[in-house]
Amino acid sequence: MISQLFFAYFAFAIVLLSVLVITRKNPVHSVLWMLLLFFHIASLYLFLNAEFMAAIQIIVYAGGILVLFLFVVLLMNIREELRINKFIGAWPTGFTFAVGLLVVITMSVRSFVAGPQGKYTVDLIKKESNIKVLGKLLYTDFLFPFEVASLILLVAIVGAIVLAKKRVKS
Amino acid sequence: MVPLNWYILLSAVVFTIGVFGFLSRRNIIIMFMSIELMLNAVNISLISFSHYLQDMRGQILAFFVIAVAASEAAIGLAIVIALFRNKATAHVDDIHEMHG
Amino acid sequence: MEQVIMNQLSYPILSTVIFLPVFGALLLLFMRRSWELLTKWLALTTSIATFLLSIPLFINFDKSTYKMQFVERFSWIPDWNVNYYIGIDGISILFVLLSTLIAILCVLISWNAIKTKVKEFYISILLTTSFMIGVFCSLDFFLFYLFWEAMLIPMFLIVGVWGGPNRIYAAIKFFLFTLIGSVLMLVGIIVLYLYAGKTFDILELTTKTYPYTMQVWLFWAFFSAFAVKVPMFPVHTWLPDAHTEAPTAGSVILAAILIKMGAYGFLRFSIPLFPDAATAMTPTMLTLSVIAIIYGAVICLAQTDLKRLIAYSSVSHMGFVTLGIFALNTQGLEGGILQMLNHGVVTGALFLSVGIVYDRTHSRQIADYGGLATHMPIYAAFFMVFTLSAIGLPATNGFIGEFLIILGGFTANKLAGVLALTGVIIGAGYMLWLYQKVFFMEVNKKVVGLPDMDIRETIALLPLLFLVFWIGVYPNSFLSFMHASVQHLIERVNMPGGMQEANIAKTLMEVVR
Amino acid sequence: MNFQLPDIGPVIPEITLTAIALIVLLADLLIKKKEVLALFSIAGIVAVAYTLIGSSGITFGGMFISDGYSTFFKLIFFVNVILSVLISIKYIVIEKINFGEYYALILFSTIGMMIMASAADLIVLYLGLELMALSTYVLAGFIRHDIKSNEAALKYFLLGAFSSAFLLYGTSMIYGLTGTTNLNAIALYISEKGLTGNLSLLLSVILFTVAFGFKIAAAPFHMWAPDVYEGAPTSITAFMSVGPKAAGFAVLGRVFMVAFASAKVDWAAILIPVSILTMGVGNIVALSQTNIKRMLAYSSIAHAGYALLGIIAANNEGLASVMNYLMIYAFMNIGAFAVIIMLRSEGFRGEDITDYEGLAKTHPLSAALMLIFMFSLTGIPPTAGFIGKLYIFMSAINAGYTWLVVVAVIFSAISAYFYLRIVMYMYMKEPKEVVSLTTSPATGLALIVTTIAVLVIGVFPSFLLDLAKAAIKGF
Amino acid sequence: MKYYLLIPFLPLAAFLINILLGKEALRDKAHWPSCLAIIGSFVISVMTLFDVIHGKIINEDLYTWIVSGNFKVSFGFLIDQLTAVMLIVVTGVGSLIHIYAIGYMHGDKGYYRFFSYLSLFVFFMLMLVTANNFLQLYLGWEGVGLCSYFLIGFWFEKKSAADAGKKAFIVNRFGDFGFALGIFMIFLTFGTLHYVPVFAGIKNFVGHTVNFLGYEVDLITLIALLLFCGAVGKSAQIPLHVWLPDAMEGPTPVSALIHAATMVTAGVFMVARCNSIFSLSPVAMNVVAIIGAVTSLFAATIAVVQNDIKRIIAYSTLSHLGMMFVACGVGAYAAGVFHLYTHAFFKALLFLCAGSVIHAVHSNDIQGMGGLKKYMPLTYITMFIAALSAGGVPGLAGFFSKDEIIWSAFASGTNVGTFVWIMVTCVAFFTPFYSFRMIFLTFHGKFRGTHKQEHHLHESPNVMTIPLMILAAGAVAVGWVGITPLLGGGAHFTEFLKPVVGHPEFHGTHAQEWGIMGLSTTIALSGLVIAAVFYLVKTEIPVRLAKNFSSIYRILFNKYYVDELYSFTIVRPTLWIAKNILVGFTDAKIIEGIVNGVPRSIGIFSGILRKVQTGLVHHYAIIMAAGAFFIIALAMLLR
């Protein structure tokens, strides 16, 4: 019962915050709302006893990505931003189809049946902490994707530099 | 005990909010954020699944998603900056050199 | 017993005939722009060599059998069971020879007419020739389609690059028209291929029976390709443009050989593959043919452009051909085949002739001519002979063909015969009208003092003149080639079931072997 | 705790290529002449291609599979990358983007594709896809000083990220349904639990369709293609028009044929309208293009439509035909781009189709080659394009989609028009101003290779067909 | 020893020699090959005639011409009595005309062309008469048509000449249309085209009917009528007579040879040849008779008012041809052929004389002549004889043949017979009338032409006059081989032809025969007398008549407006349809409309579709989302 109430609150908050994020005229506000949103999501993760995920949600997202966003936001002219229309002309269409998607998705997930139960029961994870389990897996079964991810990050770095560095007269 | 479907529903809603944001906001940063929203929606569902199925894959995938999201953000913002150098606008709908 | 007669000669004659022009074209590739004369001579020698090489076919052909002869067969694309499988029978041999002959004439007639991109021109001509021969020789659908389509490329260029003022429109129209037709055929071919257990072997396919509805569908699929090429009535409009705009050699190839492929397709594929459908479709086909005959003829009366008129007359004449073919009786079929040959000779000759004056006056307008007979008597004589053949005067080849066709048509369906005959009347009308306007009456200033034909041009026309009378006076030397094959074809049409078992057994035997 | 290194045999090619990519990245700091890097990368690719042999096997707990299928696709990627690099060398100098990262990123992107081709697990698939995508985003925007390039990168990036979000959502759905991300496990679970026809399964299938459709530029997820192709550096356009598309088909084929094998009917039914729409949009809109890169973009959309028929056939033959088709497409398309790239010179874009007027007069050879590629793209024998189409159509008809093939051939006949238009401009018009070609040995080599390939495959396709058949065996 | 082969092939050889060498080598000697050739053929023809008389009928195949399935026809020759007669006529009259032409065509720049055409014509004509099957007949048939086309349009710079030639050919094509159909029917019926089996087998088909274009018709009648179409065209009978008068554009020897003596009689020959077919179909017979009679009278009336000397003769030719058909129509084929034979002589003579006149006056208009007899006596006399013979004045060739026709018409005893008898009797009046009108206007009175013309009026050279005299002798004498028993003759001609064409049974007494003969003779003489009165004594009468009956006069003068009728009902509509319907509408609008319209609309559609590509990322994304949405929705609906 309690948990459901909690969920209700978080779900409500998350939805509300997401809406706020995408409806604020001022990007800075959006970013800040998003920060709040991420905190909520993180705490939702805690309910699903994914502590590590919650942690990186805060660290990577809130600490990394959002800051990055903020930097870029500061590049742009907020005043003009506030003056002009925030939505594109065709936003009703977009809205329609977004809602449409929501409807069809919800309708189709009604026939959702959960998959098989795995071996990582709550207390097993409790026994050796979530992070440990995760770490083990990452370095054994999921070693390959882990490496690939590292490549991706490398590419991100290289790419970002290539694109963003000052122009060289060649 | 919260039924799994609630989580699915939540993720669906957030996802579509993200979609809507992406479809209708002019500001490029906000479009990025919308994408992040969508990814977070996915993460929510993933993690909830991994919880309910008592399986770690979900979390691991979510973990990778976050990693990728970060890289995407980096690349995306780099692109924006590169663009800024040529055309100082934050509005995607100002950018339509090529069409037809 | 064997289905075919392998090539008995010491060398692969058909392959040589098919690929010699390609070889020549390759040589031409290495010509410098400045070596024009050498280019021309090389092209000429190649075409002549090809012709000479094709003579043995004529001599060594065994007329007593319908079987494919000079057959060569090698596995080519085993994955699809595609073979390099060529051979000729009484139906195709004549067109092989015609193609090789026409090639020479085209080279000759373009000698001075083509001034730009000379090298490319002769390459295109040679490639076209070889592809056309290939079409007539192929016994494998894949190979056939390969040649069939490939030929579009050089033809497209010939029309589009060296053609008249409106050439681009004409070229693209020609290309798209034909392409749309043939892609549908491609689908048909694939369906056939899969239905018949993955074989492209035409002979094998023609011995199987197919469910009636399938036959009908495929018939129309193939029809779309062949009707466009022929061209039959509603889809004929590419022809006047292409013929008119193409350079002389192009028109000649188009008229003499390219449009024969449609009719040839009907003979070689539509009828033997889908006998029941063909029989069922006969009324439609006859109607279309008759429409084409009369429509084409009448429309000629209103033409003001020499080449356009001849082009439309081709529509009419090819109407005769299809009429004969779908009369589905000996006279009709043999007449049809012979008429294809005749039309090749005569219309080819007419286009050559038009080309000859066009080179002098650079005008295709009938109104710009008149009284040519006074200044170019020899030319006038040649043109007269071809005109007479075109209007089917006895003792010229045109008569034999048209007579047999109409006889066959009349036998099959009296009305068709009668209507076709009216086409003959109108034919006389427009051709003589044309002749009068161009050659008779007082001399038009524009043509005063034109030189008569020179040796080169005369040589280009003589063989055709010779053929006109040869076929006209002693057609048997050509008809005799067809008898066996046509008889076989008719048997196939009349009793598909009968032949079935025999052949299935035969194929089984071969499988066992 | 037990910790043994998994068998890395199957992954050797990827590892080697990664090493090479990193070397290129570092060597860039020392080497001034970037051509060296290009040649090194090519040599590296060749070496990697060599390591492909005998690298078959499954590893990393069934996440990574190296079989004939993946190997064939990897070959396509190698052809693609080698040819693209060849045509890049001179071009990027002209574009003033002659940096080492360029080659490094191309290689990284290729690694991504290879991983996609070998992915037996949705996680790996996703990561491979992102690796490929991110590198390509950067490459598309590589001409930083060119607004068009920026725009291309931006559009590609935004929509790409959007589509991969869909992919993720689909993945999570599947995960939720089956509790696994391993393709075979998914297939197994679906069939034994009889989930076929379950709407949420269908939903995830469709979400995958969206994501993969985006990668292969299938309508209605193709919208990015024309703009990006036009804006990106031409060499990258060539690279993108083949690589990501092929990779997309690779994952499309594997995921749908393996994971959703039991739902064949459903996803075939979904793909049919998509393919028709793709062919339609691609061919029809291409008719009214004036920028040749853009035109080829639409044409590549159309070609994706044809290739989809092979997937729709939903059998090994179909897949084989698709693979065969993509290989051929790699040759003919990059060949065409090679010619296009030669027209680009200092201060002359050479992208407008009117720039081709009279090319046959000024540069007969290049015109002739372009002619060959154009006819090959149309699918006229005796060029490779015909073989590719024929195989696709065969398999589709064999699977009973005759009517669909009829639609396809009609469209391909329509397509003839805009390919012919180029030929027409080259051969049937007089040159306006003299266009100077920027030739280079590398480009020449690329042209020779592509031309020979197009003609030889056109006449003697056996070896390629054998290869495709062999590759698909035991899929 | 197939020496008879030389008959056709000598002229062919001459043709080849002339056409190849004439222009450069022979030039003004171009007549030698042709004349020698035809004279040679004449000699051989005479020989063959004697063979035939001695009962040596030749019927053999040279080689097989066309083989196609069960269709098999050969080049072959049948020389029987009928053929023999035709051979004599063609080569005999032909030779004379050739010789005459030497003088007449002298100095023409197309000299060699003329003689080569002439030889070619003779060749085809001989092929026609010697054919032993219908297809070869058809060959000759078309061949002579072709040569007449060449020769009519010989002076092709003149538009009228070129037109006339074309007209002749095309009008004939209409006749051949039927002829060809007839041949097809014969083949369908008998499976062969050779005379002997056909004529032998025809009687087995009496009463058979066949479905032709949906009508059940009597087989034999159908065949006969179809064949007759050909005859109508070739022999210029109504309604296909229009080409012959225009054909006078050709040089006069041509008119004499082709359009009087030989080619135009081919129709009669063919009907006679096929008598065994016609005889079995009363309907066909009547049609033949009536058409013949009508044409005969029709032409005669026109001839009365024409002023072009050659046209007058042309119409008289029509009229005589009509008579021949009348004969055939009433079954008296022999009489028909007999008239053909006599007609060849006197009509050729008339033409040649006219030619000689034209040669002198350089004009065809008899109103512009007169009083020529003192300048060219020979011509005058010969032409006079010819006119007498044509007019059927007793004792001359024309009389016997014409009388036999009139008698057989009367004696056939059928209504049709009587009808045609009346018609022919009227004709018997007109023939001498217009012939002598022409003579008198030309030779008598005083010259009405210009002085320049008058200045060099002269008799023609011998090379022209000698043939005239020979023909004149013929015009007098050739009839004597066929004098009826009534006048103590042996009717050798009829007897001679009997084996081929048989003999009709007559219902009539000697008295009647006398009466008929007397009647026609008196009528003929009266015609002559009236002509004399009108054009010698009271020359104002015809003028007054023309004024009083101006409408009739105009109708006659304009040949009953038949040409105009055709031009309005056939020629112009066809051209109009061609121009405005086919070219202007079906091709340009409908077919091309579709052919160009579809691509154009696709192009427009493409233009619209590319507007969707706005360049705005949002729109792209929306479309993607929409796509996803629709696909999912679709999938859910399909569930």
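We just call them A, B, C, D and E in the order they show up, numbering each chain from 1.
Basically, a residue touches a chain if its C-beta (ideal position, glycine included) is under 8 Å from a C-beta of that chain, and two chains touch if they have at least 3 such contacts.
Keep in mind that what you see is a predicted model, and the values were worked out from it rather than measured.
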Where the contacts of chain A and chain D overlap, which chains show up? B, E
So which chain ends up in the middle if you average the CA atoms? C
Centroid of chain D to centroid of chain E, CA atoms only: how many Å? 79
Between chain B and chain D, what is the gap in Å from one C-alpha centre to the other? 26
Please compute the C-alpha centroid of chain A, do the same for chain B, then give the distance between them in whole Å. 6
Between chain A and chain E, what is the gap in Å from one C-alpha centre to the other? 103
Indicate the residues of chain D shared as contacts by at least two other chains. 123, 127, 130, 134, 137-138, 141, 144-145, 153-155, 158, 162, 173, 175-176, 179-180, 199, 202-203, 226-227, 288-289, 417
Among the residues of chain E, pick out those that touch two or more other chains and give their numbers. 599, 610, 613, 615-619, 621-622, 625-626, 628, 632, 636
Chain C residues counted as touching two or more neighbouring chains: 176
Which chains are in touch, pair by pair? A-B, A-D, A-E, B-D, B-E, C-D, C-E, D-E
In the complex, the residues of chain E that touch chain A are 616, 618-619, 621-622, 625-626, 628-629, 632-633, 636
Chain D - residues contacting chain E, complex: 154-155, 158-159, 162-163, 166, 197, 199, 202-203, 206-207, 209-210, 213-214, 219-221, 223-224, 226-227, 266, 269-270, 273-274, 281, 284-289, 414, 417
Under the touch definition given earlier, write down the residues of chain E that touch chain D in their complex. 599, 602-603, 605-607, 609-610, 613, 615, 617, 619-621, 623-624, 626-628, 631-632, 634-636, 638-639
Note which residues of chain B are touching chain D in the complex, please. 4, 8, 11, 15, 18, 22, 28, 31, 35, 38-39, 41-42, 45-46, 49, 53, 55, 57-58, 60-61, 64-65, 68, 71-72, 75-76, 78-80, 82-83, 85-87, 92, 95-100
Can you list the residues on chain C that touch chain E in the complex? 173, 176-177, 234, 236-238, 295, 298-303, 329-331, 334-335, 371, 373-374, 377, 381, 388, 393-395, 399-400, 403-404, 406-407, 410-411, 414-415, 417-418, 421-422, 424-426, 428-429, 432-433, 436, 439-443, 473-476, 479-480, 483, 486-487
